[in-house]
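Chains here go by letter, A, B, C and D, matching the order in which they are written, and residues are numbered from 1 within each.
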């Protein structure tokens, strides 16, 4: 599927022109990412780091956060390490981290080798607006988003000869046009189409997914809202912001929950506006923010940098 | 009152060290500012600019805005010009602009010669928090705020030997401690103390002024809200933002109306926060925004750059 | 050529969904833009505004700037107005503004009716890097850039079946591959290909155009430099910035002059980086800035918002 | 010396009003900071974290960075932990970390208990400009800067009755006026006055310290430069930027080295300017950046967040 994405040739070209190659000798070994979550206890970092060192691997980065806001403190970490796959084969690594997981009764423990393991697979849902969708596709093609695109579903008819549809065709990504109506949101068909995916992205999808859909899909859904949540929930946030006379507009990417536009916020971006901005220029400026805000959320999500905590918040290890 | 403010000596020093003096020869003549508002009609700019030219004066800048959102388009302008006071004496200038005002049946027409006319006089109301008040006083002392401080009123007791009180004493600015209680907001006394002022500033004043107060005072009141309106109105916006899990916090300066935290927005500023920020660091970061956001609103207000329009919006000619 | 650009259908859709239509009734009349430059004198604004009013037209906006830094003050203005083309036909308008031009012995006087007059025609020169070129094409397709693309010239071979080449083909925009070498920059051929254009854009074109080329072409050339000028001129500014240990990187769009990377700056944008950023992530972040910085320069240039002054500076009426 | 700084009463007030107290129960134990630097080896994080866990302490945060750019990779870390001083007395803690230091042949190993250990002591050197100095003093008084001010030295005479001098008097901070001339920079006297300090801050000190001074003082010196380094080194960077026609101005805080304005950069901030900005407004805007940029550098330095690496770069663990 990624035949047309940035080729090794192109990356070699970039490396050569900018002289990247000598900077990270560690990149010659494999990189691993380990994400961990459990009730806070003594010795978690010690255990993880001892495990990594014992296999001759080097920790490159550790991010950790302890949430004290709820009843019991909860520990969250994300570690990056460089290792030799001969010295530390996949099965052994899995076993090692499983032991730690059992030791601390972990709520979450993920290991990933980005260069070997398959990318997460996402499905994108869109409506008539193209800007977020096109931006995603372009960034994906450029190799900026470490993700596999399972399919694109739209409730707006683009026609066969449009930019988006041609792009998807060229890359072998299925495109499904599923017109929705007030009475029929086509949710069973959507569920069916996205069954093999790891997460969904709503790229300005102008339908609210039902609680039933969420309960069936179970996995994460990332939405981009064209307003600075928690302000301007619901319909036409551009107009809401315009009428409120704000001096800054914003976009918010967040996880979808049953409560409309109320899920944990992942990223927010703003732009300065003035009395000269019309509703039209609000839209143009906002679209620019929405694209960046959604792309960053997807990139970080795929890099396992985003952890939900404390009911409605996110840790972003950046 | 401004004996201790930046002296001509200091300004000459600055001029000499940075070599400012040769850059704006026009500053050797006097500068005037003209603000105008009326129903949009043909020939307004032509009339104003012809009037200015006819007196041998040069237009340095024109900002105009026409609001088409309401029923009838409304015209707003702010013009800066350089003139020779011998060629265009004050009384003649007043007369000239009055004629234009009558011609277009103006809703507002203000002329000001900053170097000759007295600064606007403000009173500042504060509570226990000092950061906005101290910042205002320091900027005023530095000559950054073209305003006259009539008095400072606080419902929190600072004691005689504190930084703020000593500063005010030294500059001859009256300081009034008026403790408020649930049943007694001391509004008649406040009204009395601020009777000679041109506008009020609420520098984190933790009391809501009553509709009666607003109706009696009649003039503009500028508030700083420690949240990004229209989000997080009312009490403890830091905690509201913290609990909403936002990734950006902000401050808003706005005009006070009878509706709490709902008056026309003048300026908004934001700062990026992360999951690592505590409620305490929310406060510290926000305070930094509040100071800047309020100072900018006051500066622009005194420079006649802010015009209210369309019920709940502001034009900011910046 | 613009068959595939945003169709009236799409724009109507946007208007309907966001409710834009009622906001600017003035848009039912035609809009005009008038740009003017001359030695500063009495009565320029008065003359322009009287002329506009005398034809029943309304001034929507005036931006003016007087440069006092050089010997004689120079006046620059950009006015937008709404007019009825029956009441003020094109020939009469041209005549009116020509009279003003003669009256003040203008150095520059341009009138444009964006909805009637043809867009400026640009040619784009690029090398192996695609990000700026693709971004331009996409924004142009979206209707964000009021420009006509005459052709794209590249000194890097893309091959027929690439994204860019297919896009250009579909839109009927000629694509010329002209490989350059140390001894042969193909300038006569380039000059020939761009002869009918109004300005050139160097979208990360990795060749320095010779003084001869500039003297022959005569018209404006806009370049995007991947560094924060005047820092990091010349080759590999990413590496220069990386090695300087800066905490902010930036991009600069500017006019090309004979002096390398030294022409008048139009726009600059920055992004915050940290010790964790590699040379590779410098490039990725910078590319994001470059796209936005170049697009903004082109948009403003086509909207006649950019005026060169004082030898090496630009006025940007935004 | 800190009698007049924010009192426990004030902090309790803040805590009560904003409801901070329940958020970080860990703050009831003591916090420690451990900074470490050595040639990269296996097991460093494991050793540090095992040591902390073995004493019943909890790691709250780990920041680490490995520099691969030079010959041998170098490891840098900063860990925060919460501990019980009865369970882990100071002498034992020192001993524990010394062992680790010996084990890895560390280049740097610092342990600090902010609530118990004395603050770093700095001396401030200033000239006629007050803005950075006053800002520092005000932030210090507010409790924002965890630093002890040894003395303030100025080569400009303020006179006894000025804001700064009175402030220093009130807080018992010695103020020394040492007029400099071309031939006499008073460096021996300065060296003598700052002999007991941990670092120096040049708050717009308009003298270049000699290599001899640096060699004698040996400790870190932080400077604020009023330009975006490496652009605009040396004298009058405002004018340099003004004449270059830039669209962004900036400030840079950096360590002082023998090379003028060329030491490792700690922090940079920018503000957007336009053709309307005069040299005077460049200065005003820049001063606002300088204050923030210097204050952040001092705060982070005192919190042990800044490590120099790779000859001319800084790690900022933020």
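In the analysis below, contacts are C-beta pairs under 8 Å (C-beta built on N, C-alpha and C of every residue); 3 or more make two chains touch, one makes a residue touch a chain.
The UniProt protein names, listed by chain, are A, B, C, D = Formyl transferase N-terminal domain-containing protein.
Computed from a predicted model, the values in this text were never measured in an experiment.
K.L.:
Can you list every chain that touches chain B and also touches chain C?
P.N.:
Per touch definition, common to chain B and chain C: A, D.
K.L.:
With chain centres set to the mean of the C-alpha atoms, which chain is at the far end from chain C?
P.N.:
D
K.L.:
Tell me which has more C-beta contacts between its two chains, A-D or A-C.
P.N.:
Of the two interfaces, A-D and A-C, more C-beta pairs touch across A-D.
K.L.:
Determine the centre-to-centre distance between chain A and chain B, using the mean Cα coordinates as centres, and give it in whole Å.
P.N.:
43
K.L.:
Averaged over CA atoms, how far is the centre of chain A from the centre of chain C? Could you give it in whole Å?
P.N.:
Distance between chain centres: 35 Å.
K.L.:
Pull out every residue in chain C that's touching 2 or more other chains.
P.N.:
Where chain C meets two or more other chains at a single residue, that happens at 23-24, 61, 65, 276.
K.L.:
What does chain B use to touch chain A in their complex?
P.N.:
65, 228-231, 244-248, 250, 264-270, 274-276, 309-310, 312-316, 318
K.L.:
Contact residues on chain C for chain A in the complex?
P.N.:
For this pair, the touching residues of chain C are 4, 13-14, 17-20, 23-24, 61, 128, 131, 134, 138, 141-142, 144, 163, 236, 238-239, 276, 278-280, 283-284, 288, 292.
K.L.:
So in the complex, which bits of chain B are touching chain C?
P.N.:
Interface residues on the chain B side: 23-26, 40, 42-46, 49-50, 52-53, 56, 58-66, 68-69, 73.
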